[in-house]
Amino acid sequence: MADFLFAAAGLVLAMVAAGLARILWGPGDADRIMAAQLLGTGGIAALLLLGEATNVPAALDVALTLVLLAAFISVAFVKGATRSEADGA
Amino acid sequence: MSAALNGLTILAVCAGAFFFLAGTVGLLRFPDTLSRLHALTKADNLGLGLVVLGLLFQAEGLLAALKLISVWLLALLAGATVTQLIAHTARPSGPQA
Amino acid sequence: MAFDIGLALLVLGVGAWTVAARDTFAAVVGFVAYGLLLALVWVRLAAPDVALTEAALGSGLTGGLLVSASTRLRRAETRAVDERQPASLRLAAAVLCTLVSAGVAAIVLLLPEPAPTLAPQAMVNMAATGLGNPVTAVLMAYRAIDTLLETVVLLLALVGIWSLAPDRVWGGVPDPRHQAEPDGRLTFIAQLLVPVGILVGIHIFWVGSVAPGGEFQGATILAAMWILAMMAGLVDAPAVSRRWLRLMLVTGPAVFLTIGLTGFAVAGSFLAYPEPHAKLLILMIEIPVTLSIAATLALLVAGPPERAPGR
Amino acid sequence: MTEATLYGLCSAALVGVGLFGLIMHPQPLRKILAFNLIGGGVFLLFGAVARRGAAAGLGGDPVPQALVITGLVVAFAATALAVALLLRLFQETGRATLGSDG
């Protein structure tokens, strides 16, 4: 079972890493933030699988932290983008 | 019993991995920002949800199960709302519908 | 092992992208991804406490800070686009950096065998503190002086930031007032996340005595939730000259210092805890320190005052 | 090769990559990013050393791990101060570079 979960963690991470190519292309900031968000959810899924495979229960707390902070970063982006418009006006 | 639970875990995790694949392909292939957002939210919600579901069959104790479900619910709700906010910045005039 | 090689290559790739990207915002997004992957690496290295800190602080709070800074600096950046260095200089720098990398790599490969470790001593002494998490025991007992100085460093950085305020807003409110969004999406997400986040933050602080977690990780989550509430317009940032705020900032280090000094009287040296009460004393330090750190971290993100102190 | 050695080598490469960015990028924000990249590499080196010191039923030596936690907090404080300085520079001059000719 552990081997399967481990392999699944690697698989999810590899696929999401391919999504990172989106960061390279852009073109907009929104695309980049989306790619990071996909990496975020994929990373969290990989982390949960990894934690179960290697028997690290604290991985759950790390995942909770990542979810909260990922939302925090996205909101910081939205506020920053609107503020930048206000600065420029 | 444990074999059946393991089977369910494998099934759900594989399905979850498939949705991550779909999300990645969508993100790479779809032509415009808003349809990419659409692809992304599917991957977010279903991929992570199925992985969480799969791991629930292995969870030891109520607290661990609760944390797993909270991770998914938070990702779901925060993801959906944040995606809408990002859609706003992608189109500064704001969507009309 | 294949997983580890893939993860290490991914970390390296994202790190290289952070340096190579032409666009600053793309580089910042790369950095956030880098932090997330590092959290995975820390789990692989059997350091869940560090993984939590990396997720909360190294990637999360730092990421938010850099994301908002880079979106604000957007307009300045377009002017600085083509400031490339000459090829000869790039080559020289590349050679230098390769040498540094090779040096560090050589150190890694030549590390002594068997590896020196303080783990057995840490385990033996952990019993005396009454704690169950060796990393927390090291932070709060064996290396308590580091932890005390660290809380002071945070305050000094905050003083530095506040001193950047222009005269007319001296002692004022950091951050412009955020209007609640008319359609309420941001308000909704904040009302949802903030209470859950506070709960998670307290949980991670509380389990820190027996399981991975602790004051810095918990405080970081609390700080992020405070900033989130400010950004959504749920609460306004306080004027930095407010007395309750100043008290909140210094209480933690002050209590830490007081208990440390009492150590001279009751246990013979600075920051020595009398044995039967060690756990209680550590908790008495940790609770105010956590609150102080949370407030300090949030205000570090909020930046220097930008509005005159209101009524 | 153990995973400690693998991630140790990874940390060595990260330090080099970050140092390159720190030297070559003219924009201060990129320098701040590169500084944090180097920080990640150095902390990872500590992590590799800690992993090698696994003993007494622990997966790693807790002392270097605790030092990394301290280091992460201090690195954050330094980053926040640097970002505040940079934003203030931008407010005053409308520029976010240090070049004398710009």
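A, B, C and D are the chain letters, set down in written order, and residue numbers restart from 1 in every chain.
The definition used in the following text is that a contact is a pair of C-beta atoms (placed from the backbone, for glycine too) under 8 Å apart; a residue touches a chain by one contact, two chains touch by 3 or more.
Because the structure is predicted, anything quoted here is derived from the model rather than measured.
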{"item": "Between chain A and chain B, the fewest steps along chains that touch one another", "value": "1"}
{"item": "Inter-chain pair with the most contacting C-beta pairs", "value": "C-D"}
{"item": "Length of the line joining the C-alpha centres of chain B and chain D, rounded to whole Å", "value": "31"}
{"item": "Separation of mean Cα positions, chain D and chain A [Å, integer]", "value": "20"}
{"item": "Centroid spacing, where centroids are CA-atom means, of chain C and chain D in whole angstrom", "value": "12"}
{"item": "Multi-chain contact sites of chain C, meaning residues that touch two or more partners", "value": "44, 46, 49, 61, 65, 69-70, 72, 186, 189, 193, 196"}
{"item": "Where chain B touches two or more other chains at once, by residue number", "value": "70, 74, 78, 82, 85"}
{"item": "Chain A residues counted as touching two or more neighbouring chains", "value": "29, 33, 35, 57, 61, 64, 68, 70-71, 75, 77-78, 81"}
{"item": "All pairs of touching chains, each written as two labels joined by a dash", "value": "A-B, A-C, B-C, C-D"}
{"item": "List of chain B residues in touch with chain A within their complex", "value": "6, 9-10, 13-14, 16-17, 20-21, 23-24, 27-28, 33, 36-37, 40, 43-44, 47-48, 51-52, 55, 58, 60, 64, 67-68, 70-71, 74-75, 78-79, 82-83, 85-90, 92"}
{"item": "Chain C to chain A touching residues, read off their complex", "value": "2-3, 6-7, 10, 14, 17, 23, 25-26, 29-30, 32-33, 36-37, 39-40, 43-44, 46, 48-49, 51-52, 55-56, 59-61, 63-65, 67-72, 74-75, 176, 178, 186, 189-190, 193, 196-197, 200, 203-204, 207, 211-213, 217, 221, 224-225, 227-228, 231-232"}
{"item": "Parts of chain D lying in touch with chain C, wherever the complex brings them together", "value": "1, 3-21, 23-27, 29-30, 32-34, 36-37, 40-41, 43-45, 47-63, 65-70, 72-81, 83-88, 90, 94-97, 99, 102"}
{"item": "Chain B-facing residues of chain C, complex", "value": "185-186, 188-189, 192-193, 196"}
{"item": "Of chain C, residues touching chain D in the complex", "value": "1, 4-5, 8, 11-12, 15-16, 18-19, 24, 27-28, 31, 34-35, 38, 41-42, 44-47, 49-50, 53-54, 57-58, 61-62, 65-66, 69-70, 72-73, 76-77, 79-80, 83, 85, 89-90, 93-94, 96-98, 100-105, 107-109, 111, 115-120, 122-123, 134-135, 137-139, 142-143, 146-147, 150, 153-154, 156-157, 160-161, 164, 214, 216, 297, 300-301, 303-304"}
